[in-house]
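Worksheet: the structure to be examined is printed underneath.
Every chain is named by a letter (A, B, C and D) in the order it is written, and numbering of its residues begins at 1.
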């Protein structure tokens, strides 16, 4: 045969599962989008269409919903670990499972009325509003021996309205850009971080605390870095995480430079003293880099994918 | 001529303007998307292509940016009023201006470090993160005499995880739905409310306070209504606003019923006691209605448009 | 009660139905997205939550799928007429039905092999590729007596690479635009046209032929109009339809002016003789107008909605 | 330092360039979205913010537009080769360039009028309509010595309305799926193919012919494969390309299984003989695999990215 099969995987993508946990009248909510990709001894289905080794994607969907009941959802990471372990250990032809999860955050609706239907003086017991700020992500990969957990987020828009410069750059015959000594620095953060937990023998991180702390350090580094380039800011964001979170060895960011152009108001007799900006869509600078704990290896792919 | 011109309007849409206001080292930000539509004595440009009465859309764009400097942006509503008044009063052929504005909310990045670069003990002076929760909207219309201001929001996702039923409905030969006595009620609110301010002689509402209070009452009504139908909840949300906000005479909502289906886990020997739901995309129920102050007239169009 | 109910409607939106019709081994396909909105005697469900008059949206969904079998889908318009008539005539509390349909076009996959599985020498009998060019739309409204049918399309991108000028416009203190004597004219057409068929006694138009011809005349008018303004081109597009299609009395277009800016290449020693353009996203001019058969009334709403 | 820099790249993304070529009154159009990513000796800008080695992303944008004039755009691939070579050979710190291009296809507006403004009897000379069917893609990578060209497409929706089965699959305790002996097979093709052209000494492929032929073979294989699984169809699509196109050594597909569920019409006394389907959104099966010319190595990444 002149052609052969290369790397392949399959599974059910974007299983939208909402889990309600009831603590008396007080409810808790987890809202996930779960995608499963399985690989292993799958040559025959590609070559001949024999499905003998193929657990249907419909079954992977059923498993996601059943496990939400059987194991609950303490965190997206822990839920993904249950799922990945199950597929690899229960189906002989499946040698590797990758589970990707998006998580959407909800918070309780505030109320000022002290009402028995509410948690405290000012929070509803089972009424929620979606926060919308960012989407939390995780990816669990398991091959029967080692785990790889990469978590992260996307669509977190941040802006510094000053303390950003850009000058001293290389110039060639196509360079017309003016140097900037006080500009807006805005981006929409897409970030991924890899945990050094790889083995069932190790203690697992506290996934929820880790996420909150990582997000906090990243935002603070963005806010506190006086920026000479978005690359420098990116590096500081990654280094701050590595410095503070011992469970993380690698961070990768993809940061679009959301250009805010100072509008020329002189034709109208007005002086624009870094006040009025046009927020542009395209094109945008795109800055991508990995920051590593010294001695560790880069494993997060160069291109961050959406899901 | 066998054909004639009907209603028409033109202008520059989606002008993205970011305005930074500096209070010493502390910055404030307004982030708007402004669309202008003008109409008036415009038959000739349609019939013959003569542009003599046409102020270019490029000029409407320039005006948006210039006015951000000249007048500042206290609120989206006030900014739209400045713009609409300008076009109608300065250009003789323009008889009516409609300004639509989307506003994106930002909040300060939190920091625990008491640092001179920060507002308080825990907020950055000029570093922001976009909240993402909903998009605030307003539409200002002016014809040289009367004002119409319709504000609102879109993409606010809310959920009650209990206290919702649906039964006792009409049935015909195509009805298979089972009655529900405890279901999730979830929607993505798109709402518009019309102010009774129409005249320069009246005192203008406090637009910022009005928005915050209207949003609060709407959310509380959603949380506090024990629901027998989404229509009932919708009505309560509108009535609560009318009851509490004397500046508003009309509210219209478009509420998709974001179905959350209880997953059948019995084939796997599991009992799903209102715990595990599949969040569906399409189709969805769509419930739309206007709630009016008694004696007032409905003026918000039946179909809410995006911008 | 200080508040009252205003205009309202409800139903199931975005029912995705695919209908395969088999002519021996040759298959035909219709791919629709159907949204139903019903209104009538619905005050009680809003005021008290009593669903006695409410046919569930789940039933409207079932009806869409059942009617695809019972009546087939000759055209989106005819299918919508069957649905609207059913709801108004079979449910006493329902006084008005509005059915909106999006249609996605598919064409047969071409093949050069004369194979028994294929329609002719070069077309597959039951293999299709989606054309993707535009989305066809229709909206059927029925109140038990009169019909209103408004059809149209969205997302049809067209471009003239010359034969477009823009000059002689009004100027004010915010005008900086240079006059243009040879520019690209590009837009993404959103159009709606209203049929004068309103009564079961009249002969119905041939909906499929009408769509193809209307689209053709519209495109030809766009191509053949030497444009002094997008308003002029819009009017010609509408007038051409009215002139050639006696079944249509009213046309409305919403035409974004998709700006293509001539790039200044002089800093690089190059002359840009209307060759290299930057296609901009936002802002864009937005030109909207109705063209009417003389003596007819404008009924299509000012704002075209997506679905 | 406890942290170090890992893989990184930067550049201007999504430069939207439209190039008009004039052949007398007949115009030709190329419509591209070009993204440039550069890497090399970039540690210092990340560590200290020194931009000495950083050619601004604004310059990469300027270069895209200038090259559209200097070299024209014969094909997306050839245009990307000019750009990648330029950055690597002209800037000492840049060791590697990756250029990604999306191409949008336009066709001439048809007209039946024999008019001097038109190309033939029935095609406009400079009026175009966007075809919309799929987006063509290419990615050019150059390190100063070797080239890698990966082309492809995305968003090509295809459907077989019969000749697809799915049965004989693995079952476990979470399996409820019924076997199918006649189902719709529909997908939205995302495909990438790698050329074996790697060296300036080799003759370059005819990029335009290669794309058209590759697309044709892929569609025919989809249409002509009696499918026992989507994996089998995928493999046939890839193998057909490898078999017919000697310039291509590797093909990777990501194929969502766009489920079309046969609607149960029995409750309404109707028999659904593979006629009426519900087209579902999420979840969907996702089948991904690489097909290789025997003896070649898989280099296309497991996850296909959008741009």
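Annotations for the structure displayed:
Keep in mind that, in the parts below, contacts are C-beta pairs under 8 Å (C-beta built on N, C-alpha and C of every residue); 3 or more make two chains touch, one makes a residue touch a chain.
By chain, UniProt protein names: A, B, C, D = Uricase.
The structure displayed is predicted, hence computed values, not measured ones.
A comparison of the A-C and B-C interfaces places the larger number of contacting C-beta pairs at B-C.
Just one of B-C, A-B or B-D has an interface built like that of A-D, with over half of its contact pairs in common by residue number: B-C. Annotation: 29 Å between the Cα-based centres of chain C and chain D.
Centres computed as Cα averages put chain A at a distance of 38 Å from chain C. Between chain B and chain C the centroid-to-centroid distance comes to 25 Å (mean Cα coordinates, whole Å). Looking at chain D, residues 15-16, 62, 66, 174, 176, 267-268, 281-282 sit in touch with two or more other chains.
Chain contact summary for the complex, chain D toward chain B: residues 173-174, 176, 267-268, 281-282.
Residues 1-16, 35, 37, 42, 45-59, 61-63, 66, 90-91, 93, 166-172, 174-177, 227-229, 231-232, 234-235, 238-239, 242-243, 250, 252, 256-257, 282-294, 298, 301-303, 305-306 of chain B touch chain C in their complex. Chain A meets chain B in the complex at residues 15-22, 27, 29, 31, 62, 65-66, 68-70, 106, 109-111, 113, 115, 117, 124, 126-134, 155-163, 184, 216, 219-220, 222-224, 260, 263, 265, 267-268, 270, 272, 274-281.
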